[in-house]
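Two complexes follow with chain A in common, the first pairing it with chain B and the second with chain C.
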Partner chain A sequence: MRGPETFIQSLNLGGRRSPAETLLVYALHIVVAVVFILPLLWAIAASFSPNEEVFKYAYPFSWRALLPSNFTLAAYENLFARDFGVALSNTFVLGMVVVIAGGVVNSMAGFAFARFNFRGKRLLFVGIILITFLIPIDLTAIPRFILISELKWINTWPALIVPGLANSLVIFLFRQFFEEIPQDLIDAARVDGASWLSVFYRIVLPLSRPVLITAALLMFLTQWDSFFWPLLVAPHPALRVVQVEIAISIGEYQTLWNELLAGSMLAAIVPILLLLPFQRYYIQAITSSGLKD
Partner chain B sequence: MSIHSKAVPYLFLLPAVLLLLIFNLYPTVATLNQSLHAQSFISNKLIYVGLENFERILNDPIFWKSVQVTLVFSILVNPIQIVLALLLALLANQRVRGIALFRSIYLLPVAVSINVTTVVWGLMLDSDSGLINGILATLSLPKQPFLTAPSHALWSIILLATWKGVPLWALFFLAGLQGIPESVIEAAKIDGANRRQIFRLITLPLLRGVLLFVLVADTVANFLLIAPVYSLTQGGPQLSTNLIMFETYRRGFVYNDLSTSAAMLWVMLIFVLLVVLFQAFVLRRRG
Partner chain C sequence: MAVYVQTKPTTIAEKLADETWRRKFLRNVLIPWIFICPLLIIHLYVVAIPAVQGVYMSLTDWTGVGMNVNFVGLDNYYELFFEDETFGKALGNNIIWMAFFLTVPFIMALFCAAMLAQVKRGGMLYRSILFIPYVLASVVTTTIWKNLLNPQRGIGAAVDNLLGLEDVFGVAFLGRPDSALMSIAFIDNWHFWGFLMILFLASMQSIPPVLYDAAKIDGANRWDEFRHVTLPGIRPTLLFMYMMVAIWSFLAFDYIFLLTQGGPGGASEVIATQLYKNAFFRFQAGYGAAQGVVISIFAGFIIMIFVTLRRRGWDI
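And now, the complex of A and B:
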């Protein structure tokens, strides 16, 4: 096990690095970065290439595989001609609706747990929030699916929106943040005769920008990436979301490689553009699910 | 006034609790109920059959094959991802110039969905003219039937799941590493500890909580993996990638046998709860 240990030593946990070590760190960074970026570069290049040239420089491999060989927008034009735009706008609208409605529902619950003492608080928190947080929703999809079909919601918008609105992780995040708001601010407003609802909307929420961004990002990305549930309850083309559209295209258009890749890149660009500027908020959201409390 | 204000927290909780009860908690209990019944074809009513569905899956070689595939997959993919994620976090924790750019690159697979990963890697692993075979050809190595041979297909799923998963778990380790106070490491150095000792005696023990969390969360996440199997292999070739999540989907929604599928999901649920309880148990013993 000499290998990993020398590697770990070269990472120099504290202290000054020799020039040779710095060089090694850069070399490792570059190798790892290539592993993560190469598939995406190839996919972007191929999505701007004519279909028959997608594999031209991939096999045998040449660096030209990472640049469009004969730049064309044909793949993207064909995608939009066959309703990929519908899937994109469906997913976008769904994301916005879930962020707004889910934001209201989850922030209110977080507020109740953070700022009130009431009978059954512990029971509700452990018995409902914690339990639902631990049970993966995909494992309980069948009765939920039956419930949705009994409600006659199959292939309707509510099937895609309502079951995911309440989110235990987002409730956790709100609770954690609201606990830190100084009691004085709330007391002052209460003494002035403000109702709890107006305390919540006029005092608490305006102070909560960071957690609101974090929660919105988390809910939007969860919605954007959701696949299994929409596949079950809304397979109809008019309601398809972007991940289902991509998965189905693999079977339906299996030889239109440039279009498959173009669709994938369109599905990827939205979360990338959201995550890169807001990565601090996102990392805080996902790590606090495991590292705090 | 006092009665009114007593109701306030419950009113704030009402929408979320109601939604969680209806769409999360009820389906959990109902999964068990469904697994104890059979769907009548004529009336679409449920008929109580006791443990028959469980008996049927326990006597089904396809179920056991998918258990075996899932077990092999878990034993391989989880340690691979966790070790690589820890190494990536150590690398990303280095203060060198340009680190922000590298960290942004490492975030890309986190942003890209598993379906997108599946499309891109599915084409790159094409047995005929994929990019990976192209690189092998450039190195004068033989072509590999990545997704078309039973000996290769599961490894290909592991590969793409690892590319997608490692950066996510590395974020947790990185957060853990950055939570270790500089002063602790400085103190150890003053006491004459070398880097290897610092890593083994300080860094690793302080990362134990994170490690435990990542172990559990990664195991559960990989246990639920379905997208690449759904899109690329449909469980094949020769059931070599028939992970249990895909098998339950196929039973329930391709063969319309919701009750057997529910029985399998309940077995999976018990497994997940055992893994989570294991985490709680270890944490309690430590704390």
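And now, the complex of A and C:
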């Protein structure tokens, strides 16, 4: 990341701006960036402060609100003392399992849609993408919830994992990528006697690193952010995911703002660390597909 | 000249004996379905079958528990549109929500993206800063903003204090019927618009610079450039996002539910929050399902409009 000097210079580019215009553009960018990042800075500072001092500098407001007052890790220590670590590791495991299993399922389907011609292909593709797209989660959530309880899956891992596996955006991305792979490569392997499955795993997948990264990112983050479904099917403390844990503690520990904000910061750091380095993949995926849930 | 007449196999036994037929069968039927199968099974169980069941439920008076299910035809829909005033209010709120999200974030994103598109150095850092709110989960965003909008110790109180006022800005924005919905929209937008801006930016950066040079030669000013080069250049992205945001407006749920649960007194209620309450708290699963179907119909209607426009030759 660049230092502040380069950042400031960068706001003032294009020689054809008048000085007044330059100043305006420069001021505007700073204001926008500050306004949008300020709430976050305050939350970070508050999470490192003792609870009674969280709002000390917010009212009357001073710049000190953006620095922790009496820096302490107490909020984080208390969080982990009451099983926030379990929620973190649960979410991590859930994310990894969905990335791996969902990656297999969605990439195989994407391959079929991209490289085979079979009857009903178009109907199936449009049906899968459109249905998931149009229908509010709540409409399917009720029957799905009933299905899950009939399977006796409430408060078990499969209830969390299985519904997250099929992801229409990810299928769409895989299909688009696999369509670009040269036919010659596949033909050559076929002539050498490779089965379709080994063509897929030995030839196609190793060529597909960018789309694999994007798909993994999308699926992991979807799970990391998921909230309502886990709240419905797995509220048991041993199975709680991060977002559920935070939402429940808002109800239970209403006044412990430093701890709530510390939990929020821990929940936020993972997507930030994942998305900033891989931003390019993510944005390319969205712009190339135009889809995002 | 010898003529080979290949007879087409007809019976199953003949077909199985025929080498080319077997290969075709593998290539065009068996193998594709093996690849699709895992997804299809999951999709059927998780999305397709529940969707059909949901539509059926909307035609019954089922409470959501027990076995007592009576088919009531379109009664639920009649009640929604002709008897239930809270539904009319919720639908109105969805439309206000849509009006907000089709204007405010688009103007902000277009403006900032247009300014950023010319920046070549350091732009990445700035983009990242604006992108961070989008990355945060709804639970995190709402936790932070609940604090910031607190009437006693939030931003409003701080502004009042700064200006020597009392209870002008330091009011419970989320707790008042006249400001609840707009406050939630503001918070959701804080999280959302950076995403839109980055999409527009990516789209603007793929406009050939030659077009801007040509516009300059023609004596175009900054606004002319934006109007005649930038906007047409990002038109596909722009219109597609218009469609998506219109659809999402009918699905709006998480921010509203986390911040006010539709309150106070239904002031920020939308169809999806009503649906959730009916299905899981009020023992009106059938009625809630009807609301879900209505949402899907609205969303489908919006897609239809766009598909029709595209068929008519619009470049969408």
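Methods note: the second predicted complex is superposed on the first by the 267 of 293 C-alpha atoms of A that agree within 3 Å, B and C clash if a C-alpha of one lies under 4 Å from a C-alpha of the other, contacts with A are read in each partner's own complex, and residues count from 1 in each chain.
Here, a contact is a pair of C-beta atoms (placed from the backbone, for glycine too) under 8 Å apart; a residue touches a chain by one contact, two chains touch by 3 or more.
Keep in mind that what you see is a predicted model, and the values were worked out from it rather than measured.
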item	value
Fit or clash between chain C and chain B when superposed on chain A	clash
Contacts of A:Leu139 with chain B and chain C, given as first, second, both or neither	both
First, second, both or neither for A:Phe71, with chain B first and chain C second	neither
Which superposed partner A:Met108 touches (first chain B, second chain C, both, neither)	both
Partner chain in contact with A:Tyr201 - chain B first, chain C second, else both or neither	neither
Contact residues of chain A, present in both the chain B and the chain C interface	7-9, 11, 13-14, 25, 28-29, 32-33, 36-37, 39-40, 42-43, 46, 55, 58-61, 104-106, 108-109, 111-113, 116, 118, 121, 124, 128, 131-132, 134-144, 146-147, 162-163, 165-166, 171, 196, 200, 224-225, 227-228, 232, 243, 246-247, 250, 257, 260-261, 264, 267-268, 271-272, 275-276, 279, 283, 286-287, 290-291
Parts of chain C lying in touch with chain A, wherever the complex brings them together	27-29, 31-33, 35-36, 38-40, 42-43, 45-51, 53-54, 57, 64, 112, 115-116, 118-133, 135-140, 143-145, 147-148, 152-155, 157-159, 161-162, 190, 194-195, 198-199, 202-203, 237, 240, 244, 247, 250-251, 253-254, 258, 272, 275-276, 279-280, 285, 288-289, 292-293, 295-296, 299-300, 303
Interfacial residue positions of chain A with respect to chain C in the complex	1-2, 6-11, 13-14, 25, 28-29, 32-33, 36-37, 39-40, 42-43, 46, 55, 58-61, 104-106, 108-109, 111-113, 116-119, 121, 124, 127-128, 130-144, 146-147, 162-163, 165-166, 171, 196, 200, 221, 224-225, 227-228, 232, 242-243, 246-247, 250, 257, 260-261, 264, 267-268, 271-272, 275-276, 279, 283-284, 286-287, 290-292
Residues on chain A engaged by chain B in the complex (per definition of touch)	4-5, 7-9, 11-15, 22, 25-26, 28-29, 32-33, 35-37, 39-40, 42-43, 46, 54-55, 57-61, 65, 104-106, 108-109, 111-113, 116, 118, 121, 124, 128-129, 131-132, 134-144, 146-147, 162-166, 168, 171, 196, 200, 224-225, 227-228, 232, 243, 246-247, 250-251, 257, 260-261, 263-265, 267-268, 271-272, 274-276, 279, 283, 286-287, 290-291
Chain B to chain A touching residues, read off their complex	5-6, 8-10, 12-13, 15-17, 19-28, 30-31, 33-34, 87-88, 90-91, 93-94, 96, 98, 102-116, 118-124, 126, 128-131, 133-135, 137-138, 163, 167-168, 171-172, 175-176, 179, 182, 185-186, 189, 195-196, 198-199, 203, 209-210, 213-214, 217, 220, 224, 226-227, 230-232, 245, 249, 252-253, 258, 261-262, 265, 268-269, 272-273, 276
